[in-house]
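Given below, in the form of structure tokens, are the structures.
Common to both upcoming complexes is chain A, partnered first by chain B, then by chain C.
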Partner chain A sequence: MKPKRLLLAEDDTMLASLLKYRLEKDGYVVAVKHDGHQMKTAITEQLPDAIISDVMMPYFSGIELVDYLRNDLKTDIPIILISAASNEENVVSALKLGANDFIAKPVSPTELLIRVARELNRYY
Partner chain B sequence: MNTRELLTHLSKLENGLDSFSFSELNTTEAKALKKSFESFKNGLETKVFGGDSVAALQADALTVTSINNSKEHTVIANVSHEIRTPLNGIVGFVDLLKETPLTQKQFELTNALSKASQNLMDIVNELLEFSKLAAGREKFAKVPFNLKNLVNEVGFLCRTLITNKDITLQVTMDEGIPHSLIGDPAKLSQILLNLMGNSVKFVEKGKIQLKVHFIKEENNEVFLDFDVVDTGIGIANDKLNDIFETYQQAEPDTQLKYGGSGLGLSIVKELIGKMKGQITVQSTLGRGTVFKVTLPFEKASTDDVQQTVTKQNKRVEGKGLEGTKVLVFEDNTLNQKLMENRLKNWGCETIITANGLYGLKLLENHHFDMVLMDLRMPGMNGFEITRRIRNNSNYMLQTIPIIAISADMSASDKDKCHEYGVSDFILKPYNSDELQNMMGFHLNQNRVGNTGTPNNWVAGPKMNPANLAPILEECLGQIELLDELIRLFKQNMLEFIGKVKMHLQNNNLQGIGFAAHKIKSSLKMMEASSLFEICETISETCKESKDTQALTVLYHRFLEEYPKVEKFIDLEIKKLK
Partner chain C sequence: MSISKITYCHYLLISSPKIHADILWDLTVLFLTLGGLYFLFIFFFRNRFSSIARKRKSKRAELAPVISNFLFYTPQDPKEEQKEYVRLKIEIREYLGDKNFRKILANILFDLQRDISGDARNRLFKLFIELGLHHDSFKKLSSWRWNTVSQGILELSQMEVADSFQLISKFINDRRGVVRKQAEIAIVSLNDHGIEHLLDTTKYAISEWQQLKLIEAIGSINDYQPPKFKSWLVSHNKDVVLFSLRLIRHFNQNDAAASIAELVKHKNDEVKIAAIDCIQEFNFFDSVEILKKVFWKCNTKVKIQILDTVGKIGNQGDLMFLHEVSSVEHNFAIVSKANGAINTIAPDTVLPTRDIIEDLNTPIVRDKSGLEDSDFLQIDVDCDEVTYTQKAIGIEVDEVEVYDLVADGQSPETTELLSDEILGDGAETVSNIEIEESPLLTELEYELDQSLNQSLGLIDVNLDQTGTKDNLDELREGYQQMSSEERSLFLDSIEKPGHQEAISVLEFIVENEEESELRFRAFNKLKHLDNEIGMEEEIEELPVVPKPEDKLPEYSVFYELYRYASDLDSKAILINEMMDIGDEKEIPLLRNLVRTEQGKIKQLAGKALAYLTKKYPEEVLGSEVHETTDPTHSETLDQTNSSDTDQLAEVPVQNEPSNMTDDDIEDERIPLELCFLYDELGISYDKEDKKEDLGLNFELSAEFFAMIATENQNLEDQ
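After this line comes the complex of A and B, so read on.
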């Protein structure tokens, strides 16, 4: 089976590296973007199977990203948001806009793997 | 600004950094600094110059007189974005390096680095300032100010720019101009200093004049002309219209010979436009240039500007200041330079800082004979610094002479001086004799058995600064990955330090809050609880009390705490390997 391709938008380079490693270890192909602009271009160029994005990103927030995916591109690519626990309002509005799931910071890589797999209908 | 300018600054920075590769300078910070610069340069090469190496471009820049304009524009647009983050890292490193014990040579090198990175930062900030102005996002103050003081001050500062040149500088003001006006004094100073600074650049030998003329008074508005006249190289007629254009300098080699970002006059023109004034220029090649700025100001009632306090005269007979150790709190770089030269001439040993907390730390750990204090400093102001000096348990600090320096001192400021424990004060502009006498007087007064013991640092509670076990587990035991994550962690921390420093200078609380929020995950992953707490407090302070002073304190606590965490992490990873 072709490996699933993921786009990860996270501007904390350390967290991004850790998550990339763990996702790749699990058989995904992962591209990391460090800001919203890069992310936007990458989506249309790479058409990933799923997107993982931090809510607070430079230039283009995770919420704007969900809006862009669902309302401009009109695509249902699964998107999982990473958000600080204190950011409940944002999470709710992101889910309303059509985000599939969210994961609270500090991110547990294992939890993220499970949530990603669930969105892609892979089961452990 | 063009590629050449940037390259000059880059190579200066690089030269400074190269000096740090001496084996005797083997501190972790110096190494990290070097590494950060490498990534900074690589980033620039790929992102800004599209893969051309800096060295190749530099060779290019020396032979080609004018670089393709559109390329420059791309460079400029990219630079402000691409440069800031890694530059923040460099500024952060240098700040940390300054906190470590340094030899005289290392101290000088660090200072040179600090200056070089600050220059680069200034250029980037100038670019951003211009874009802010152009977008109409700049705010203008409407406050009463004393015009005469301002004009004198500008002349005074301008004199300090003249080094090794035979230039006379003359400042004149028409009789009968109201001294008390309402407007934005900082912007007016900026305009005048920019124009006069230009003159200093372009006059080798001759005269520079600032003439202030009264034009008219209408509906409580006063119209004034500020003429900046010089006998410099002049500007050719067909170039006169171009000089206010963005990034334009009159001649292609102006940059090489005189430096500058090419934005100065554009900024001046924008400022004047926004202040409802106008600027014209007349020039004869080889003879000189006249910039005429017309600006309206509101007239202030005499109550608005407090009467100047009478000057104090305390004569001291032939008391030299040689060997006096002076700490100066001053944030304006021109004033810093001025003060440095002046005190050096009198034989004083001088340290100048713009940072209240840093200065306080210096005072606690080193012996000083006297403090000169600019009262209006960003962040912690002079009164607050004075209060903290006086409240220190060290007897020497309770009694050290503190001379306050201020441009405008109201009656309430005068009271405050006494209240906070300022020993004496002097008004800007002052003549150097006045200051010298005052310093001599207070030095004598204080020279009575000061034999206090230096303060000892109190050690904090014992607790591990970080914990690598959980993150190693997340790395599935891969030490190499952990090593890489630690490298990124350090990079993030230093970028954070640099960013916060810059945002503090610009009073950008939102930026600080965002930066603090951003590194929380990294800190949590490393279980660096002390830093995490500091960061959380920073976040909260940015949202709630918006107390810049508290933020400055927190920033410095972070600066103190971080090296401990880094050292601990380095030791732990060594053990793991």
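After this line comes the complex of A and C, so read on.
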């Protein structure tokens, strides 16, 4: 079975590296992008199977990403957002725009794995 | 050119400094060198810092997978991964000797612990200790710099190094505030019993913000079992007591009722208020009595808090206390809170009285027995019906018809008839009364109705002296059988239904009442009534100057205006106007103001009085006597100043027949129709018979008809 390709957008390099390691350990192919421009370029080049993105990102926020994917690219690939617990308003906006799920920081890598697996199973 | 030469010659003092050109060049070179060095210096250090940052970044990126490997390693991993794990551990131990490496590694772990949770986080803490990074934090604790110590405490508490508890606890009473606060939070978060240790040992104040942070730190402990915080309510540190009260509220520990109630007596207001908040939150009903006792010794803020609590957890039994507060206290906020509390316990008990616009077209019943002092009965008189409501006990009497009631001009027959109609048919009157209280109160109500009717002039008090005495005896017996609440209500109802009766009842209460509070209130009322009687007796003893019958009584137009002047400015303006356009009629009013008012108003009134006295010297003696014999104005003004009394307060009292008011003068005048008849028929009007002619009976007498008949006869004969 072909491993699922995930796009992880997180500006914190340490957290991104940690989550990448954990996801790769579970068999996913993970591409990490540290800002909105890189992420948008990566999406345009090749659409991943699922996207894990921080809400607060430089140049291109998580909400803009959801809007871009749902309204411009007209794709319904799973999007899981990572956000601070205090950022509830943005999360609600993102979910309204079509984000599939969200995880509050601090992130539990185990929890993230379960949510990613669930969304992928639901979609594919 | 010639001009400049001349100028140069004339001003020799202005000359260029004699500096050698070589020195100038040297200085130029020096400053250029310094500038170059400065830029080089900046460039060098900028590059150096950038280089270090890049190195750190690359090191972090290099170490990130290593740390991830350490964090997510499990013994079940494939052999290659296990080998990799062992290799990395050995490799990293070699680097741990480097201080900078340790610093970078510690920083990575500090950053990560903020972003991850769950099992990975716990592994991170273990890794921090396994790598021996906590030793660096320990070293920081011994630094002389407060910021380094604080940083060390923070690192140890964030990485949950339990062994650091003892070391950090030394800083709980550190004189440096930042270190102390950091230590407090660390102590609480490192150990489940840290809060107990902190409360036991801290000597310094714990700020409100710090308390909240400590509670937050406690909240982050998993499966925390809070101790019984009532143990620290006896602490000598008031901040510990306050924090304990806050913790008691936070953890809903409602088993400390007795201790909390005792803290209401604490000398510190903050502790008092915190204790009262607890009482309110936990509904400690038994503590209300203590609150009531403490109330009178507290300041305004605490009093308001107590009233708020009594209003929320009090019951009907506390109404008496609230009524007393409402009547005794002068502070607006306290009185408002007391009234609010009364209305919370018994809704709509206290109704708005201030700035209520009355129906000015409503005729006013004249009263002779001082009914205007009573806030017990509120009477609305319409043209042909009287409605009166007893507020305190909750009795309502409506639609008692009084036919052509004219208080002052009625004949004895009419009075008797009305008395029979209203009071003689007691069954009919009582049938309209909705009684919500006990039957005993019904009797009391009947007594008070009689007092009202006496006040209205519907019953002649002198006709039934023995009956009144019997009623008083019954009243006393009934009083003894009442409950505390009923006795309080009854005491409220005794305002001034008749001086002698009220005094008798009040004396009885003062002598026989067991409750000190009621006894005290009765005593105050008795004292008040005694004073009033004393004043009236003094007034009666003074010589009365008879006034000419054809002269209107002196009445100041400013009197009514002043009555409704609500603020000091309005009053001051009115007094100034009195001085400008007033005459001798204003002198009694001004005298009264000088006696009753205070401060600026008193001064202004005195000034105006002096001015008018000087202006009308011949009126001074007469007005002095008139003023003393006419207590109308003084009494009514006193009421205006003293309270928000009832509508009847605006009815002036007439104690002496010689003190004629406008209405009396009006009554003495002949109706216009009768004047025409007298003129037409040539009948002379006899003032002696005017009272018979006026009043209620406008029918023409038999003599009149006889005279008409005689005249008609004469005309026919002619």
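Note that the second predicted complex is superposed on the first by the 121 of 124 C-alpha atoms of A that agree within 3 Å, B and C clash if a C-alpha of one lies under 4 Å from a C-alpha of the other, contacts with A are read in each partner's own complex, and residues count from 1 in each chain.
By definition in this document, a contact is a pair of C-beta atoms (placed from the backbone, for glycine too) under 8 Å apart; a residue touches a chain by one contact, two chains touch by 3 or more.
All figures in this text were calculated on a predicted structure; none of them were measured in a lab.
When both complexes are superposed on chain A, chain B and chain C end up clashing with one another. Once the two complexes are overlaid on the shared chain, A:L97 sits clear of chain B and of chain C alike.
Legend: residue contacts after superposition of the two complexes on their common chain; A:E111 is shown touching chain C, with no touch to chain B.
In the superposition on chain A, A:M56 makes contact with chain B only, while chain C stays out of contact range. After overlaying the two complexes on the shared chain, residue contacts for A:K25 are found with chain B and with chain C alike.
In the superposition on chain A, contact of A:L120 is made with neither chain B nor chain C.
In the superposition on chain A, no contact is made by A:A42 with either chain B or chain C. Contacts of A:D11 after superposition: chain B is touched, whereas chain C is not reached. After superposition on chain A, the stretch of chain C whose C-alpha atoms clash with chain B is 58-66, while the remaining options among 58-66, 598-606 or 616-624 stay clear. For the contact definition in use here, the residues of chain A common to its chain B contact set and its chain C contact set are 12-15, 17-18, 21-22, 25, 105-109. By the touch criterion given at the top, residues 12-15, 17-18, 20-22, 25, 105-111 of chain A touch chain C in their complex.
Here chain B touches chain A in the complex through residues 471, 474-476, 478, 481, 484-485, 488-489, 491-492, 514, 517-522, 524-525, going by the rule given at the top. The touching residues of chain C, when paired with chain A in their complex, are 57, 60-61, 64-65, 67-69, 71-72, 108, 111-112, 114-121. Chain contact summary for the complex, chain A toward chain B: residues 11-15, 17-18, 21-22, 25, 56, 84, 105-109.
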